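Here chain A shows up in two complexes: once beside chain B, once beside chain C.
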Partner chain A sequence: MTAIATTTSVPPVAAAMPAKYVLSKSEKRFIGLQLLFATAALSIGSLFGPLQALEFSGLTIGGRDLYALFQPLLASYYQGLTLHGVLNALIWTTFFITGFFTLTVTYGLRRPLAYPKLGWLGFIMMVLGLLTAAVPILINEASVLYTFYPPLQANWAFYVGLVFVVVGSWVQGYGFYITYYRWRKEHPDVRTPLMAFGSLITMVMWQIATLGIAVEILTQLLPWSLGLLPGVDPQLNRTYFWFTGHPLVYFWLLPAYVSWYAMLPKQAGGKLFSDSLARFSFWMFLVLSTPLGFHHQFTDPGVPTIWKTIHAILTYAVAFPSLLTAFTVVASLEYAGRQRGGKGLLGWIPKLPWRDVSVTPQILAGVLFIFGGIGGITNASYNINLVIHNTTWVPGHFHLTVASATTLSFMGIAYWLVPHLTGRTLWAPKLALVQAWTWFVGMAIFSNGMHTLGLLGAPRRTPLGVAPYVPANWEPRLLQTAIGGTILFIGAYLFVTILVVTVLRKPAPANLVPQIPEAESIQDPQLTPAWLDRWAPWLTIAILLIILVYGPNLFYQISNMQNTSPGFRLW
Partner chain B sequence: MTTPPSQTPEPSVHIDPYERGWIIAAIVMLVVFALAVAVASYSLGIQLPSPEARVDPNTISSTGPFANPGLRELAPGRYEAYILAIGQGWYFNPREITVPAGSEVTFYITSPDVQHGFKLEGTNVNMMIVPGQVSSLTRRFDEPGEYNWVCHEYCGTGHAAMYGTLIVTP
Partner chain C sequence: MAPEQKPDHEEEHFKPRGTVLIMVLFFFTIVALWGYVYLIMVSQGANTP
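Then we have the complex of A and B:
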């Protein structure tokens, strides 16, 4: 580790950037409002988690299953599962991400958004979309789960709402790009500050990826739900959906990576280990996130195996930047631990700031993500996927990604961000640490139970408490997931409570309020080669690769479209 | 890199030796996995569903082989099983099939309504059932016993009750 200690002189261009940027009151309000919607979605969506988990355990009250208690407010397990998926996986994440990126772009580039009104416009569209989609879900007119596979047909308002949420996030993205463009004009030779860099790439990746569901909803589902189209092609819609569905995972994950690379090293008391490899990872995600969606469709009848194989191999390729990230983040933490006096092979680990309410959740998120990553490679593995496809293994897996790597990191971020935005200090920081560990332990129990059940053959999206075919050897694992799910519920509500009480506190003196952490890199970013900070080549490769590995089959499926499936409402 | 450079260094990708080792290990691991998949699927003959036939879900229950779903013996020990996954009522038609041990069964499954799933316990027979498409896999059954298949895609209120049984007789 001696090679990394070399410091280099700062070239003059870097001096052109101001050292800090103070967010204005209205910027703080804008970001805070997005976090408020995100957290509200999480607090409602999380209500259904323990219900689902306890349903697994076969718990009945007075001889009636749990869901009977909530009628007519909640019609079924599936309505609850739709709410859980839409609010937690789509709304909590998207609103948190657009809010967080508003901060990382403005603070990273040290300038306000070029058009703050564009940001507001996007946000208002997202809110209108959320409300529009919420109405049919709440009145049981859209219990189609968050994958909304046709020919199950939701009320048209559900599809309109989703379009508005997605397009609203695009509009916020346009605001970021214009801001970046202006900054770049003024600073042609400066490396884009990493937190803004990662955020911009994530937004561009998102805009490419969401073309799939945009086309799905606008050309098939919406006209069909309005009665303008008599039928749809379910296989084609699965392909459209998974064009978006897998990169959606990276849209959730990359904001956590932005924090792990560009903030966490500073919070842990160290520096970013490698600026150039951090940037290389983000470019790889731009290039590789989208052209691999068929690995979600290995068991689909309408997709030739050759494309499934190609997408399987590309899925292995996208594991590479995550492995790079694992090294860089751990090396940065090791550097921090050694700066804090850690000695020996592993002696740096206990020296990390485990009492820091923001650092600990993010490290724990990373630890859970190791298992999420291993599971992800398993899922991508073509024939091995046959063992676990659509079993409870799959939700077990993505609770380690979106509900751990992403959500637990976002919780850690919120623990400095909400105090920073509101000018308060965090209420009960020790409780916040307990909260992070609660989530970690609950998730370990829950996801282990779900993975094991999946290997035993338990189907996902199924109220196993009432399924007639459950063998005895599933029972202990069903109970395990019920326990884990209940602990996670406690973790979620501890989080919400801590944030609510924090916001309601009296303002604190400015010197006690947490500042925006921005990690320095061990090697000056100006020494990172320019090709790692140029959009054209990477964007070109990304689009070409998508055309190459999606184009032929998509063209075939579209030109052989058979809109023969009318809508069904079987709930 | 032990002596600091005397002038502003040229930009370059700086890779630590440990990191280089990690990168190589990661690439080797992923390549080995990809090769293992290639070998398994092309040499060991492990199948994934692939385009079999396209059908009209509106007429599938009244015309063609799915009008009379069930088991057909092609030759001694070789069978075809035509199964309909039905969301309006949530059941498989037929709910049960019986074959002698040592039989090879080719499944043909589709749905007249919504998407379903088909996973036969303890085997690699795992398929999405998509209206308009026929899902097909072939598998040999040597061990006598009763094996459940379950619907693993949400298909409406009765989804959890939707399953069937393959009986392999000695």
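Then we have the complex of A and C:
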């Protein structure tokens, strides 16, 4: 097969793939339900974003800060921050991703899930987990933020709930693998369709990465919260957490990349610039997403400098597939713009379909992500990280990843996906465009404010509105952050409103309902080298690299574990 | 055997010149913004023993 890559002819395909696959009603219902939970989580979690942002501005009503107005429903800034982080960063994303991947795997492989009941089992586990974790958060028994660092101790139900959400997503992943395995047996010589390919790699990466928090919760936090362990080792737990925590970012980002590579070029009126580059990027993310978590622990005294340095270098390395992605996606858009009549070096940009409610959010997400990527390189720099470590720069940064590249892309996807699943047309498409720009502008203002505040030394995870040490030069930026956060709130609720009204509309004629966009590649995917469609070498390298750069220090930390820290409840 | 397919000539030779320009601008933006934080680090006393 390797020789095929060197020729310009297309090899014979073992068994023809159907041109399209029509999702059944039950498949649409299953995907739609997952999107429903995702959107519900976003709508609740987004309630607390502007509260935090406005709190920064020092706004009071009747002499009371905003959180006081919501007592006893909302006890503190930290309960609100926990709800915001868990619902938006963990639940909105995970439910959207498992729903979206159900579509990309089934449509990509042109076949139903091998075991739909396995998918349902995973989904039910996720819902049960969500409800189990929500109860202690809502009654203020788990205000430990979404990183749940010990020695902050939550109610045991919080940890059990998180385990169920993660394991439920694994179970859905198993269904994808079995479906892929069966497809592969029938199509041994066919390149895996890109949208399924990227989704499968993302799910495998997620299952490797989440071993960190699985071990953390099952061996430390859960027995500790149940009183079975007298204490925990906070350093070890931070290491477990960041084994998962950084690849979690790629679990958020890669589904957006699946859309950017495998769908967006078609939506923009062009083709994917390079199937090979796209596949190579996904493999690089599988290899490099996990073995770099120590760059989140540059200030942790229990991790030797050499490991921090190695992880810093690997963090730079993972910027490479991100840059490849930027190049390939922009080149695909350039191709589309030129197909639409664009001339000159940049004349293709205005020719892109900026009035398309799905395309525009995804392009804007990419623009914001440029700055997220730059901030990420700063975070990875060992010395420079000390300037911004634990400052508002960090949430400013990850709002450009999870709340921009990911969330704004998911919004763009939802604008065709929800009409497709429900057989409706999108309500108020012009308003949807306004919504995308609202989010973009709000995030630009908010994130710039947070980054700048961080450079001025403002700490993160802090209700700065009541902090007595706020210097005068922070105040304009605090106000900027409040304005940006308020605009984002408007953007979030415009999005939810558009989807709700869309679902409530009458069914539309089939020809008006958006279809699943699947981009062709300029070069036939069958010409992509076979080694870019082989799992064994990449999976082996990924696991070996994790063992090499995590193994020795993790072994040391586990061998010298000191379960001496009692639980603290500071809220 | 499936018939041999040849990619369209124009597609085969598509050169994303605008993308290259954007990537170059992106590179300089990275350098500028990273350098800005670097200078802040130095100004905050990174040279002080």
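As a convention for this text, the second predicted complex is superposed on the first by the 557 of 571 C-alpha atoms of A that agree within 3 Å, B and C clash if a C-alpha of one lies under 4 Å from a C-alpha of the other, contacts with A are read in each partner's own complex, and residues count from 1 in each chain.
Note that a contact is a pair of C-beta atoms (placed from the backbone, for glycine too) under 8 Å apart; a residue touches a chain by one contact, two chains touch by 3 or more.
Here the structure is a predicted model, which means the values were calculated and not measured.
**Q** Is A:Leu386 touching the first partner chain B, the second partner chain C, both, or neither of them?
**A** Both partners.
**Q** Touching A:Ile377 in the superposition: chain B (first), chain C (second), both, neither?
**A** After superposition on chain A, A:Ile377 lies in contact with both partners, chain B and chain C.
**Q** Please indicate which partner A:Ile487 is in contact with in the superposed arrangement: first for chain B, second for chain C, both, or neither.
**A** Once the two structures are laid over each other on A, A:Ile487 reaches no partner at all.
**Q** In the superposed arrangement, does A:Thr309 touch chain B (first), chain C (second), both or neither?
**A** Touch status of A:Thr309: first partner only.
**Q** If you tally the residues of chain A touched by each partner, is the higher count for chain B or for chain C?
**A** When the residues of chain A touched by each partner are counted, B comes out ahead.
**Q** Looking at the overlay, does A:Gln523 come into contact with chain B only (first), chain C only (second), both, or neither?
**A** both
**Q** Quick one: is A:Pro468 in contact with chain B, with chain C, with both, or with neither? Answer first, second, both or neither.
**A** first
**Q** Can A:Tyr335 be said to touch chain B (first), chain C (second), both, or neither?
**A** A:Tyr335: touches chain C, not chain B.
**Q** Is A:Ser276 contacted by the first partner chain B, the second partner chain C, both or neither?
**A** first
**Q** Is A:Gln235 touching anything from chain B or chain C once the two structures are fitted on A? First, second, both or neither.
**A** Only chain B; A:Gln235 stays clear of chain C.
**Q** Show me the chain A residues, by the header's touch rule, that chain B contacts in one structure and chain C contacts in the other.
**A** 8-9, 11, 273, 323, 327, 331, 377, 381, 383-384, 386-387, 523
**Q** Quick check: in the complex, which residue numbers of chain B touch chain A?
**A** Contact set of chain B toward chain A: 1-2, 4-5, 8-19, 22-23, 26-27, 30, 33-34, 36-38, 40-41, 46, 48-52, 54, 56-58, 87-88, 113-115, 117, 119, 121-122, 124-136, 148, 150-161, 163.
**Q** Can you check the complex and tell me which residues of chain A touch chain C?
**A** So the residues of chain A in touch with chain C come to 8-13, 271, 273, 323, 326-327, 330-331, 334-335, 338, 344-346, 348-349, 370-371, 373-375, 377-378, 381, 383-384, 386-388, 455, 522-524.
**Q** What does chain A use to touch chain B in their complex?
**A** Result: residues 1-4, 6-9, 11, 76, 78, 81, 145, 149, 151-152, 233-235, 238, 273-274, 276-277, 280, 297-305, 308-309, 312-313, 316-317, 319-320, 323-324, 327-328, 331, 377, 381-384, 386-387, 389-391, 457, 459-464, 466-469, 523, 526-530, 532, 560, 562, 564-566, 568, 570-571 of chain A touch chain B.
**Q** Please name which positions on chain C make contact with chain A in the complex.
**A** 1-2, 4-7, 11-12, 14, 16-19, 21-23, 26, 29-30, 33-34, 37-38, 40-41, 44, 46
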